[in-house]
Amino acid sequence: MISSRQADVRTGRASVLPAAAAVALLASVATSLVIGTGGIGYGDLVSVIGVRLGLPVEPLAPLTDSLIWQLRIPRVLLAATVGAALAVCGAVLQALTRNALADPYLLGVSSGASTGAVLVVVTGIGSTVGVTAGALAGALSAFGLLLLLLRGSGLDSLRVVLTGVVVGQLFTALTSLLLMASGDADTTRSVTYWLLGSLASARWDGVILCAIATASALLVARYYASSLDALGFGADTAASVGVDVRRTRLVLLVVTSTLTAVAVSAVGAIGFVGLIVPHGVRFLAGPLHRTLLPYSAVAGAVFLVWADALARVLLAPQEVPVGVFTALAGVPLFLLILRRRGEL
Amino acid sequence: MRLDADHLTWETAGRRILHAVTLDVRPGETLGIIGPNGSGKSTLLRCLAGLRTPSAGTVRYDGRDIARFTAKRLAHYVAFVEQDAQVASELRVADVVMLGRTPYRSPWRGSDERDQAIVAEELERMGLSHLRDRPWRGLSGGERQRAHIARGLAQRTGCLLLDEPVNHLDIRHQLELLGMLASSPTTVLISLHDLTLAARFCDRLALLDHGRLVALGPPGEVLAGDLVRAVFGVDARLETDHVGHPIVTLHTVTELEAPSAVVSTEQGDRA
Amino acid sequence: MTSRVVAAAVCGLMLLSGCAAPSTPESGAITATSCGMSLTFAERPKRVVTLDQTSTETLLALGLADRMAGTSNLKTKVAPQFAADYRRVTVLSPKLLTAEQLRAANPDFVVASFAEQFTRDRVGSREELHELGVPTFVSAVDCPSGDASPFDRLHQDYRTLGQIFGVEERAEKLISDQQEALSKASSRNIAGEPKVLWLYSVFNDVPYVAGGTGIPQAMSDLLGVRNVFADVDEHWPEVSWEQVAAREPDVIVVGDLSERGAPGDSADEKIAQMRRHPVMAQLPAVRNNRIIRVSGIELDPSVRSTHALAQVARALADISHDL
């Protein structure tokens, strides 16, 4: 009896969830677009977009237009894509490492990104674009080192996690060394701000790069969805149902690390999204990766869009770095999820 | 499906776990693999299933060398059921059994009606239909073991390899499972600790000792000789119970070296 | 008419001295150069926004409160002489201004002391703003070119801003006042060549001191004293107490940042830390309390720096004769 009722709930959910997810995402983006400085309304949004579409609408003043088109829209869209990216990376890495606490920063990639960014800031060669490029280069170097250290291994979960921690520590130490060597309080401050994670520097270029990276990674991860389900039962069981375990692990490590690198270089390290969102989605949509991955992407997008909207207005006119805010919101949510699942 | 291994050797960390094992399993046969702990039973099964790449030697299914198989193609030939998968998965039982259909599904497509029918059939066969929507985490050890076997069966391969499949099962399920496997047309390799079950349900037994295959033949031959005493350090006697099933009685060597004690125990039992 | 003449005169002077000069071409548009970018104004700016305290105080010193659309990013209290004017201007944000807030304020000119305000994670790049028709100004002090002293660079700022806003006389008056303060300070009778440590702040027990490139170095040169960390090629290098002690400063100038309000920001706390430190406590400067307190913000280049300079000069004139 119980099981058939559960089955009904599941089928019910299965038909309602896609619509609910789409509505939640669209509503969140639409609401977030008008939250913040400057009293932006939907009429203004229509004008700004209408002008770009060549419609006969009255254009806004250049600065208001810039506020909406150059800042607000890319920022909300970047929040959505980065949120989706982090949640998908988290879901994939949790399955890949069979570790419920895995998140996109587990493998030392974000430490590498920090080192790259700090190097650019300290040597003073960079504009903001330089910092982003430096972060990407740093993240990819950290990942290259990780793969080098894992060369010849079967990429088994524990070894990947431990090696990732070691690589992360190495790059954290390098970052400290660079900061010490530069010894400039202003540099330290600006880097710290960046490290906390912030969407303040969002522009269209970052949105496009992140959107392409996120969409591609989601497709690849979705291709491996059944493999991820099987990997939950260990490498041997997965291999015996036809999963090429080594190739799956390698491809997904490369994809998640690259995506994390792109996300971190765009917005700094925003914590907790990759950790808590997949857990919450498992609770709502079940643990099969075929559904877990796309819903994690949507839930991550919604979560970060709201976190950033609140970060913009909570202490207005000051902005809370969104990384601080996701941690503040994430800790109680994580405890709640663990409780509901009876693990705490 | 015919399975044969030729001089199969496997080494890890400089230690040789399997020494040039050569064996041949006939289509439809049920082969029991016996041997003490550490004799290489699990490793042999994993090499045969293609989960470990042998250091030397070959494994062939119907004469085809598996070294050149992709993981997916191999999964069409053989299913492997692990001994003790202690994982905290949140999948439902039906989803776990559905994993057995992975090699037949395109990555983009969900399960079709045929997959659903096969899963339902294997759940029924393993007596798990009432648990199909239960999460894996809530199952008992025996239920998990049966679900794993159902997953292996759902793979519908010509060859099924099971590592200690009965160690969590209660006695009725042990007998039912082994009876079902023995009578199925599938080629089955199964590692077992219980020599009575091995003698009763297997067509032939392979006896492993320190990674070497020391005997391969019908249970009567393998269990009757001095080999069991040499390998296990116990004395085994193959007898027959009142309905004609084989039964293996075991005695430690010290018991046999002190015949008076054995006699007194046997007298006590009779009294 | 007169302003045109003065402008032309100033312009000539600037060209002679090799500096980029604001000019008023026939068309009526005003052009100027700031830190590598040329600025063009169709008319005098009326809605200027400032991005840091020193730029706010510069504009207030030029009497431009009525042209300001807003201020932001106050580090400590504004100087008392500017307080009344400051209250007339909207505070857009007490801390760093965001890109959205800046655009919402609809400025026609944006002024900052530090180039780092114009990054994408703050108000956006200067190029972005120029494309929107909003000229941006960065203080010459934060513009790495040539080897003019920070005081000369500040004076160059006042001239350029005076030209842009059409308040050249006020700019010249401000420059001559500042020059007078500089000469007054440099004429103080300081005995010998005392070794001075300029201590800005202490963070995690790590002292931040003046290196050879900041305004304390310019002050040291002007007063004829030796900055003990002159050899370090940074504004505010991070050093250790041991390094400080090894350089045996005769006098310590301590920046007071108590209005910033973080633990350890007040001069008293910094002095107490030195007295507790086993090596620092043995220094004659600490033992004999040869310590000069100034406002921390006045150790950053601004219109207020001459105030700290005067305090230090007066105190050094007293102390140096006891050394």
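Lettered A, B and C in written order, each chain numbered from 1.
Keep in mind that, in the parts below, a residue touches a chain if its C-beta (ideal position, glycine included) is under 8 Å from a C-beta of that chain, and two chains touch if they have at least 3 such contacts.
If you're wondering where the values come from, they're calculated on a predicted model, not measured in any experiment.
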Centre-most chain [mean C-alpha coordinates]: A
Most remote chain, CA-based centroid, reference being chain B: C
Chain centre separation in whole Å, for chain C relative to chain A (CA means): 40
Centroid spacing, where centroids are CA-atom means, of chain B and chain C in whole angstrom: 81
Where chain A and chain B are represented by their mean Cα positions, the distance between them in whole Å: 44
Shared interface positions of chain C, touching two or more other chains: none
Contacting residues of chain A [partner chain B, same complex]: 3-4, 6-7, 10, 98, 100, 222-227, 229-230, 232-237, 239-245, 282, 286-288, 290
In the complex with chain A, residue positions of chain B that touch it: 46, 49-51, 70-76, 78-82, 85, 87-92, 95-96, 99-100, 102-103, 105, 107-108, 110, 130-134, 148, 151-152, 155
Sites on chain A touched by chain C in the complex: 36-39, 61-64, 66-67, 70-72, 127-128, 180, 183-186, 190, 193-194, 198, 200-201, 203, 312, 317-319
Touching residues (chain side chain C, partner chain A) in the complex: 92-96, 98-101, 103-104, 106-107, 116, 119-122, 124-125, 128, 132-134, 201, 203, 208, 234-239
